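Mind having a look at this structure? Questions to follow.
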Amino acid sequence: MNEELKIIIIIFCHLAILLLLSPLVNSIIKKTKALLQGRKGIPLAQGYYDLIKYFHKETVISNQTSWIFLITPVILFSSILLAGLFVPLFSEFGSIKILGGIIVFVYLLGLGRFFMSLAAMEPGSGFCGMASSREMMLSVLIEPVMLLSLIVLSLLADSTQIFTIISSIARHNLTLPSTGYVLAIIALFIISIAEIGRIPFDNQETHYELTMIHEGMLLEYSGKLLGLMIWSGWLKQLIIISLISNLIFPWGITNTFTLSSILIGFIFYILKVFIFSIFIALIETIIAKVRLFRVKDILVASFVISVLALILIIQESGKGSLL
Amino acid sequence: MTNLLIKELTPSLLSYSTVILLLMSILIAGSNRLQSIVKFYAFQSLCLVVITLIVGFSTSNSETIRIATITFIGKCLIIPLALNFVINKTQVHKEVDPIISPPTTVLIVCILIALVYGLTSTPNFAKIAYSLGLFDTAISIILIGLLIMISRRKALTQIVGLYVMENGIFALTVDTVFGMPFVVEMGISLDLFIGVLIMGIWVLRIKQSFDSIDVSKLSKLKG
Amino acid sequence: MMGNLLLFKFSLFLFITGAFFSLILGFYSKKFSTYVSGIFAAVSASLSLVSSINILLYQNNFTIKLPINIPLLTANIGMDPFSAFFIFLISLIAIPVSIYSIGYMNSEPSDTPVHILGFLYNLFLLSMILVVSAKDALLFLIFWESMTLISYGLIVSNTSSDESRSAGFIYLLMTHIGSAFLLFLFLIMANYSGSFAFESFHDIYKTIPDSLNLLLFVFALIGFGTKAGLVPLHIWLPEAHPAAPSHVSALMSGVMIKTAIYGILRITFDFLNPASYWWGIGLLLIAVTTALVGIIYASQENDIKRLLAYSSIENIGIIFIPISAAIIFYSLKLYELAGISVVISLFHTLNHSIFKGLLFMGAGSVISVTHTRNLIKLGGLIKKMPQTSLFFLIGVLAVCAFPPLNGFASEWLIFQNLLSLFKTSSSTIKIVAIISASLLGLTGAICAATFLKAFSGIFLAFPRTHQAEYAHEASLSMTFGLFTSAALCLLIGVLPLFVILPICTAVSTLMKSSSVTPEMFSDGNTLHISNIIPGYYSPVLLTILLIVFSLFALILPKLIGSKTTTRKDETWSCGITPRAEFEYTPSGYAQPLEVIFSGLHVPADFYYKWIYLPIYNALHRFSHKLKPIQSGVVQIYLTYIFVALVACILWVSL
Amino acid sequence: MDITLFFLIPIITAILCLIPNNIRWLAPIQIAGTSFLFLVVIRLLNNILQYKVIKAFNNLIYIDAFSGLLILLISTVGLLVSLYSAGYMTKSPEGKTVSTWKLKRYYFLLNIFILTMLTVVTANNIGLVWVGIEITTLVSAFLVGYYNKQTSIEAAWKYIILCTVGIAFAMIGIILCYYGAIHSGGIESLSLNWDYLLSIGNKFDPSIMKLAFVFILIGYGTKAGLAPMHSWLPDAHSEAPTPVSALLSGVLLKCGIYSIIRFSILANESLGAAFTNQMLLFFGILSIGLSVPFIITQHQIKRLLAYSSLEHIGIIVTGFGIGNPISIFGALFHMLNHAMVKTLMFFSAGNLALKFQTKDMSKIKCAVNIMPFTGTVLLIGGLALAGSPPFSVFLSEFYIIKAGIFEKHWVISTLFLLFLVIIFGALMHHIMGVTLGNNLNNTTEEKANIQKGEVSKSGIVASLIPLLIICLLGVWMPQSLFKLLNASVEIITGKGIL
């Protein structure tokens, strides 16, 4: 089998996993939370039911809206799905090297968020506007820290490709986990929680208009459009979880194209994602959501952690410079 | 015989005239009656004429004698007359409340004279001062003239101050170079006579529009 | 090649002709004058565009002797590829802007002196071209100041108001101070070279002592930084750019401030020699501060043109980031990397010109229809002005650096550039570079928030005033101008290498020691800087995938779900009929940002109050103290003469 | 023949101006006279370029390129002033009617004033130069006090007193010089002639020349308006009728400088250039510096321009003081430029003052809308005056500072540039405050008083000419002008710039 075919197959698998797994992961988090809080919770397949339900429903949109409102779900979905191609799941074969690295990844997420916030301004509703405004505020805080922590990691691996970063970490990690690396991961973890809009930054469950951010922006959406938007949200959640879990446990990612190794990689991957989802649910149960403007403090803290990681890395890697 | 007399008399006459020249300046500085100031000025000019004549005779320079004549007509007659005319016309006879009072002015004048005499003995000046008897006197008179202009309020006194300065300069000319070439000297004299007329006109105009010839009232233009 | 030279000469000539024609015709028919001015400018700009492309591709440098006869001045202008790149940039923006200007000026109120504006407009373009092609320092200064004066004329003849007067004044004064530094700089250089010709300045650093080298660099930085709008010399920019007519603002923001980039690059790399990497670090700090300060102010601005002007400050900061990197590399003798950095900065310069021109033109369309610059008074225009809003959105996406537009291509390169600084040996450089990268990310994020606010404020939701409610689409020439720029944004974004190729030529002539080839930037169609941290970005592939995935996203719900209907209804607002008052206003939108940056964000007049006002006050106090010198008392005046005389005599005799 | 005509024309014009009883005839006579003078001057300049030096009237008249430049200035500004007076002087600032007799006297004095200035710059005998300068004071005092208001009388009085005192000091300098000449073996009857003095110049006793130069500098410096002897300048310039202000600022001050520089050429023969340059530099920079605070705090438009004259005199003198051929070229060129631009500025300011019936800048607003031409010209002229390219004023200042840096006068050059930048800001602030701003049509109260429109057509022509000249000279220096300037530089330094 030639190389390109292999890659295309893996990419299709990659996309399929993302699309199919994302509703499940969300349900797992919800279910775990419910169990931890002593409730019965939703069935694990609830995500799929919801999507199918939305896709069968009539679409009602505000009469203030224009084409932007209509194309936003499409752009959001496609940009997030595209960002998904940057993150390895179970195999290194999915890597399209030339597509881009961490910077393209972050900006693609930004593109989706930009359109989502833009569309939220369209109906002229106060709640949507507020959510949009807060989302942009959060993004202002998240993006630099996310970039910084990813850059620090990329400096470790000497590459901005996430695939390369993870594989090189996989090679070094077992021998010597450096302090800088650990700090960078911590910072990235905090940021990831913020990025997927979870407690303590945002509460996905809330339907109290004055506190919701992500949900608030979807307020005027319905039917197929809403389905796409929600799916995009779940996709993003899964992508971020995959990214962070693979960074922390870069094990089991195959670099060979055999059925067995792919299977092992896949199982490893599923495990990692599940564990991580449960972990997130745990955090959500323990920690309360912080006040909006306190979010800044947490994110600044993670910025400081990243800078610290950077300094440590510079100290550790005195060698290997150009001069 | 006359020549000898002149030769004998010249130095002493010169030095007497010099002293009178300086004395007149001090008197002008110390006086506050306008008419007497003009008189002192006329007398000072006369001294200058005498000096010029002496110089002229001793060097037998006919130009210098001509200059002396013109100077006599101008400085002893025209200028004092013109000034007196202005005094009568404006009916201001006294320098009231000068910026620096006459006694103080005289004191400053004395200090000035001392300074000038001291300064002219410094090496740089000595070269010039050495050859001229009147150099220090002339410079003193010039400065006294300026001091008079600075210390008085009446427009008329300022004119007199200006002409005292001019006398100093004239003394300098006579003394250093025995008078300028005639054309130039003519020009300068003409200038002075026109000057006094024109300034007289301006004093009258000041009187007309300010109802006073107090120059310190002329201080609206500032900044 | 003679043809090219002729072409260029002809284009210069046409600018002048256009200027005078539009001035004279303006006395008969204003409408006619606008057409003449716009068409002449567009045609002559296209001619110079062709001519500059020719130079960039075939490098037939030429010199022209201008009909200027001034002692000590060699009135030579000419094009080498580096100048040609800037002429390319100026002409490229000038074409759509000139076409746009026809529609814009025709929709201005009748008492606007359009003929004077048309006259100055043509001269303005001409002066910019002359600035970047001058081959003599004195000539350069003359054109440089003429450019300022002409743009000043455009500002003050646009509207007669106290605001435009003070804007013009600050502009003129600040740039004049800058020019004074430039004058000093050139004079010192001429002292060492013996001539004002730029040729004699090449490698002048060899004859200049090192300390002076730094001084000259600082002078250049102040001189050109004032024009470019580096913080804290930027205070004129947000005042002056909005005061001009919108198409002129587009040129001022898009092109004019770029001439400062030309100047600083010429001086730093052609004439001087960055001796220590601390120059670069210093500049990098200034650049990042400029970018941040610019965008934070922009985020709080409700005047659309001021917002755009502040965003220009931000972008100037971003352009200066790779320049500082270049200086660092150059001082470390990594000439190739230095060359790459300069290419990157020029690339962003070009991109910024295009999208900022587009945004200013878009804003101008809105203003000419609604007669207000205040975001709060707009809203809902997307239905009234569908084309304008689409092109404006493209501009917004470009300025926010979202893939796959041109803004992202250059910003991606800048990130790579900063990361490549990590390969140097100094820890200071490493830390500063990486934190700068993160702050660049912060800038990008604030930029997105800012332009989201701007776009939604103008185009989305309910119209908030009558002006906005009765708006209509702008005229054809205006939308055409917007369309051209927007198309360029997309085109360069997807195919950046076509532009990088000529820039490489330009930089290779600028920096003799580093020859930069496009191969250093690409791996096939992919952007990829060799030698440094491996990073790839393939705009073509990304665009294709985005389109494919979008199609997929369009089809997916239909595949899964059933065929459903779409219905329009009122926005839900707790049961009341929604009104414009319920909306989130632009200022409300930006309020969270204001809260989180309350530490960093200082009032807009901070720089004025704490840097310029004290100087002004000190001068005033001092002047008032000296006023009694002229007391009006003649005796005192006499005393001055007396004192002066006595002092001089004492000085002579002692 | 030319020379005779040259002196006769102003005299004849002056007399002719006294004859007619109808106001209408005055201006044409004056314009015709000055135009004729201008043509004669052009012919004369041609001769100068050809023969270098022209002597006449038994060696009383000595004209070289340096005098030629000043003659050019006097005749050009004279012509412009005549043009401007035609429209301006028939209107009085208070809106009263103008009496024929007064106007006749004005034109008479104007011609005499021009005549005396011509004498100053052409006389060979330095004593006669002195006489000429003194007479300019006396004549122009009447012109300054023309309006006979309290303030104008005050200005005229100060002008007379201060200048006469100053010039008296210059006399001392001349006497010392004469003395020095005789003592170094000069022939008495020739020892006041400039050409003769120059030929024996290197024999002078340096200490005498030093002293003489100090007196000359203070003396003529008063007339030239050098700080700190400048105090008469703002008063006289602001109170005189506008055409006279232009003449005072544009030419008279330069005549003072001319006399100083003439003397410094002589002094340099025995002293070397260092001493005179030092003195000139000091007073030059002091003048620029002292003008700064007054320009900043100024409220009155004509005083503003007067202080700007102080600044420019400082610039010129600094240029001479730097002593490099290029800076001297710049200084000479600046004389011309300043004459042109200041004439222009005074004309525009005069128009504004007439239109708004005030010289107070806070009461003059939005001139570009009320008087589109005058306002625009004032704004452009202000930019030129402040030294902005592409106008020729920039070039001359550039030459001066270039030479300053070339001669390594770092402090002087830095101060020069600093002052110039501050003055740029202050000047432009004032000028813009007057010309631009909110449209007055919006405030009904003021609209009633002030009609839109220019004051006079002749004023437009008179300010258009200098505007064109400074624009043109900014990009194109005619070869003949260059030759004239270069020849003057050769006279002053002994070598040209190229």
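Order of writing sets the chain letters: A, B, C and D. Residues in each chain are counted from 1.
Just so it is clear, a residue touches a chain if its C-beta (ideal position, glycine included) is under 8 Å from a C-beta of that chain, and two chains touch if they have at least 3 such contacts.
Quick caveat: nothing in here was measured; it's all calculated off a predicted structure.
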Core chain by centroid distance, with centroids computed from Cα atoms only
C
Rounded to the nearest whole Å, what is the centre-to-centre distance of subunit B and subunit C, using the mean of the C-alpha atoms as each centre?
71
Distance from the mean Cα position of subunit D to that of subunit B, given in whole angstrom:
32
Distance in whole angstrom between the CA centres of subunit A and subunit C is 36
Whole-Å gap between the CA centroids of subunit C and subunit D
43
In subunit B, which residues are in touch with two or more of the other chains?
124-125, 146, 149, 158, 215, 218-221, 223
Find every residue in subunit C that makes contact with two or more other chains and list them.
627, 630, 634, 638, 641, 649, 652-653
Can you tell me which residues of subunit A touch two or more of the remaining chains?
none
If we use the touch criterion from the header, which chain pairs count as touching?
A-C, B-C, B-D, C-D
Listed in rising order, the residues of subunit C that touch subunit B in the complex are 627, 630-635, 638-639, 641-642, 649-650, 652-654
Can you list the residues on subunit A that touch subunit C in the complex?
51-52, 54-64, 66, 68, 73-75, 77-79, 81-82, 85, 96-101, 103-104, 106-108, 110-111, 113-114, 117-118, 121-126, 128-130, 132-134, 136-137, 139-148, 151-152, 154-155, 158-161, 164, 219-220, 223-224, 227-228, 292-293, 296, 303, 306-307, 310-311, 314-315, 321-323
Within their complex, state which residues of subunit B touch subunit D.
124-125, 127-128, 131, 142, 146, 149, 155, 158, 162, 165-166, 169, 172-173, 176-177, 180-181, 183-184, 187-188, 190-191, 194-195, 198-199, 202, 205-206, 209-210, 215, 218-221, 223
Enumerate the contact residues on subunit D facing subunit B in the complex.
125, 127-128, 130-131, 134-135, 138, 141-142, 145, 148-151, 153-158, 160-161, 164-165, 168, 171-172, 175-176, 178-179, 182-183, 188-189, 191-192, 205, 207-208, 210-211, 234-235, 238-239, 294, 297-299, 303
Complex contacts: residues of subunit C adjacent to subunit D
67-72, 138, 141-146, 149, 156, 160-162, 164-165, 168-169, 172-173, 176-177, 180, 183-184, 187-188, 190-191, 619-620, 622-627, 629-630, 634, 637-638, 640-641, 643-645, 648-649, 652-653
